[in-house]
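Take a look at the structures listed below.
Here come two complexes built around chain A, the first alongside chain B, the second alongside chain C.
Presenting the complex of A and B:
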């Protein structure tokens, strides 16, 4: 009996101790000072990817106890500078944007420095050395995320080469865009290493009629073409349009198709074996982690103490229909790819002192479609 | 008869010369039937879109909203196809196109502001309407079984019918005569008793017929139609508009109905030719721009060119005479 009481006492003590141990000593239950994050984004756009980008940024800001202020933009350099000015006048504490060009950044930094507002970037790296150096010395630049576009493009070309592609027709977003240029460079490098011949690249296709026309022109002009790679496009329904054009010429399945950036219809074509490989998923994780960097800076708990934080977010590979279905459900739904509790516990230093740049990098290193599906599946 | 033959040869000279240039540069890629046939098929939809643009253009209207109207027509057609099949698609596309072009025409008549300004504003509104109609994913797809008009021979038959309809409306109706009268001098036309406002509304409305057909063919050919925003729909207009401008210049030797097709066919030869030559996309736009300028300059300055030519011949004769 005594032994039983003693054992119960030890267990109770252990349980109580473990409960205390599970809570970080510095964890704060109360919210930080109210703060506002400004976010220029085209919220009128009904594209699910664009909506999901907004949702992921909003999830971070609100999880940390802040308010997201949106101004509509067309994401051009001039418009973004006007947006920054407007957001500053609306009293925001931080601004997150997707830069249209490196050259606009010194202006943004000067405006933010004058107003005492932190700012951060998403999706884009700073290619210009001088501008990059100046921005990383700025007190007001929090940092941001970008992807290794070059490596991604090289990898997808190599993947397609392994599928038997030797002659590739390419489609990309407008030249001059940082991602477009890097993807071009990566594709050229991947093609050289894998011995793939890039037949031609068409840029800046924005409507389905032009997409159809380009694919038909490729088929007519290059009978040897056995692969089509979409390095990037803002054309709605790009893959369905390409697939239709290929089917009309009896080339569906015969010509391998790949693309960077996921879209909603990939699952159908993956299951039909007329679409073969996609790299993407960064459109949700990048804005989320970029917002994490900025929010941590704004509330006074930056992820790294020695200047702006730059995190490279991963590209995910999609090669089967189930992954495509999970992507549509969990990445393009209304929820962010991490839920508010996960964001608070694992990404906001104010709530968990152990959070830093390395811990966030480690966290996103396990980020995958299956990971999001498993976590969201559990919470449902 | 001889005159008709000469004019036909003169008209065909434009695409033939351009084709021969590319054939000489890249014979292995350009000298096959498939390539030629693809150029022909690719010219059909922009030609029909150009017919929709031409009515307004001839009577001095510039319609920026055509692309967004085409999207709405395609989206409604696509949505109706899902419920009522091919008949629903055709009906949906026609009703929406005719309604929206009529609305544009009436607004143009009521507000009396430059059509460029009005249609630019309307394009933005129509784009949002198109996006909302397209739903969550921003585009509408149709089943392959409904996409029956997008491939040959159906698309060719529809094209011939549209060409005949445009030819008839433009050359053999009171509306066609009034349209040209308003286009050449609005004040004189008004003084002659032409109801200018009615003609302009009709120009939008009749354009809607061709717009609906081009929307259906686009939907059938691409299998989907995507919504556009921030004036993205305007890009649809550019190439058909260039063909209308070229056709207006070619009008001296060729009827507008055929001129538009010839111009569009020539533009597509250049487009595919440059792709086959491996030239970058930016270069294609430069060449298209230069081509447009050259043709416009040559045809607009025929009299000056004739004078320069006669002067040159005269000078050569004098010099030749001096030497002997």
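Presenting the complex of A and C:
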């Protein structure tokens, strides 16, 4: 009897043990230790793209079980340093930021190292070799995402050249910004290869009145101009402003317009054939994946075991109104481009141990407007 | 009976005057109490106090000398551009020698301040327009010279230590306080602000007084440029962006009337800067988004200017 009881006990224990063993250790249902991610971002900006950037970062942090702490910033180097200081004082475990310049990064790293806080970047690569090397050796730098800004700018200039553009007026973000400099370089390279003449470049336009003045000046100063390319701008409603200025001078449709970074009004102008090509979409996937890199590091399950993780996110091309409509619906809505379940299952290593840098790269290699529409169209 | 009524009316008026004269302190106290409660004690927590100090430091440094400009009844809208240009010149100088950073920043600031002074004092350009124009010129030059951004060695962060900043602030405050309250220069500034004609008839050299006031602000902007640079270890075309509005908001919040003259109190610079820093930190801690923060600051600015504007002297001055 005792033997039977003992045998039954052993069998029961073995069965229970095998059941527990059958559940992958990685498939944790409980959330990790509570954590806070600091995110300096300009929440006063009502541009849908800027709001979507915030939403995508927030989606990752909350999907992983954390809390997002925002401080308002103007994204200048000195303000970002103050933001980092403030976030550290608020006890965050990680900070995600869009650097204004490479030269500010050693300061950020020093502050974060002193406080024992991980940090990561989004949208920007580190161009300065010495700084890049130092940052990639830091144990507190989690890594980040960026796009191939140079190639993107070169490609969009070539695309515009194929549309017949020979003389181009350019608008870009402030000089010194890493993306701005790389896009300038790429545009110059693309222009040289395609035989396009860059007439002028205006930097750091942040309000619509300045955008209008710049376009009107271009029209007046360069009668030969047959293309306008926005390589980047923090001006809200940039394309509607440009289109209005062109229409006022009977140039809408005559001058080809292109831009890097999608915005919400592109569909209207694409269907009217007054806007012609946009490269973008990275504004949603980049912050999302950057947050994924940082969150994984903060939780203690980094995507790469051998140092900071750098992932290049793809640029998407938009040339028709349907794509623009899908973009507005699925990229600029309240929902992130990957929903919380998708983020947990495919991007957070704590919940799925098969997740790593390569798997995330593979996942985003198929990222496109059609992909997001297909995944989220059914769920809506 | 009538006498009692008159006495009571006088008492009420006196109370109102006392309240108006000290409303910056009342405002600061209200903000402190409100956000201390809303943040559950986090606002004045050990970790956040230095954070408030960092927000306060640059604004206060500049606001202290800005008192002279306000006393004159003038405005300087170039302080942000001056900070940016001084930081840029200092960063470029560091490529020759790191010992040049501080002198280069102060020299660049003094140069712009001097230019502002010459314009307003000798060329009779309205300070509002003149300093705005100077702001555009030096923003452009900063972008041109930097051609992006320029970093300085990270070792320079040693000057971002709290004790260095506290010492610098105390020294500037003592110097500015002495000049403003204990020296003829401060009295001249207020006299000019109260009435040009009366000041001139009293033998005050209005041109020199204006010139010195703008130069002092320029010098202190150079110092702010230096501290901004050593904090971020980088100078870019956006360094000092919108700083002029922070300073203006701080001095107005402290109760300095735009009309200038004798009602301009030196303490307003410190109280206003502190109130601004506490307000910003409090709103951020509570989790108020940037859009609402702007609305709140705008409403406060209107209220403060409406309360502090010296209506009695307005007709005489303008």
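Just so it is clear, the second predicted complex is superposed on the first by the 355 of 380 C-alpha atoms of A that agree within 3 Å, B and C clash if a C-alpha of one lies under 4 Å from a C-alpha of the other, contacts with A are read in each partner's own complex, and residues count from 1 in each chain.
Convention: a contact is a pair of C-beta atoms (placed from the backbone, for glycine too) under 8 Å apart; a residue touches a chain by one contact, two chains touch by 3 or more.
The structure presented is a predicted model; accordingly, all values stated were derived computationally and were not measured.
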**Prompt:** Where does A:82 make contact in the superposed view: on chain B (first), on chain C (second), on both, or on neither?
**Reply:** second
**Asked** Between chain B (first) and chain C (second), which, if any, makes contact with A:301: first, second, both or neither?
**Response** neither
**Prompt:** Which partner does A:55 reach: the first (chain B), the second (chain C), both, or neither?
**Reply:** neither
**Asked** After superposition on the shared chain, which partner residues are touched by A:213: those of chain B (first), chain C (second), both, or neither?
**Response** first
**Asked** Between chain B (first) and chain C (second), which does A:313 come into contact with in this model arrangement: first, second, both, or neither?
**Response** neither
**Message:** With both complexes overlaid on chain A, does A:233 touch chain B (first), chain C (second), both or neither?
**Reply:** neither
**Partner chain(s) touched by A:203 [first = chain B, second = chain C, both, neither]** = both
**Prompt:** Which of the two partners, first being chain B and second being chain C, lies in contact with A:264: first, second, both, or neither?
**Reply:** first
**Message:** So in the superposed three-chain picture, is A:42 touching just chain B, just chain C, both, or none of them (first/second/both/neither)?
**Reply:** both
**Complete:** chain A residues where the chain B and chain C footprints coincide 42, 44-46, 74, 175, 203-204
**Fill in**
The answer for chain A against chain C in the complex is residues 42-46, 70-72, 74, 76-82, 85-86, 89-91, 100-104, 106-107, 110, 131, 174-177, 181, 203-204
**Message:** Taking the touch rule as given, give the residues of chain C at its contact with chain A in the complex, in rising order.
**Reply:** 42, 47-48, 50-51, 54-55, 143, 146-152, 154, 157, 228, 231-242, 281, 284-285, 287, 289-291, 293-294
**Item:** In the complex, chain A residues that touch chain B
**Value:** 42, 44-48, 74, 175, 199-204, 206-214, 216-223, 234-237, 240-241, 243-245, 247-248, 264-265
**Prompt:** For chain B, which residues are in contact with chain A within the complex?
**Reply:** 29-30, 32, 34-35, 38-39, 41-42, 45-46, 67, 128, 131-132, 134-139, 141, 144, 147, 150-151, 218, 221-230, 232-233, 235-236, 271-272, 275-276, 278, 280-282
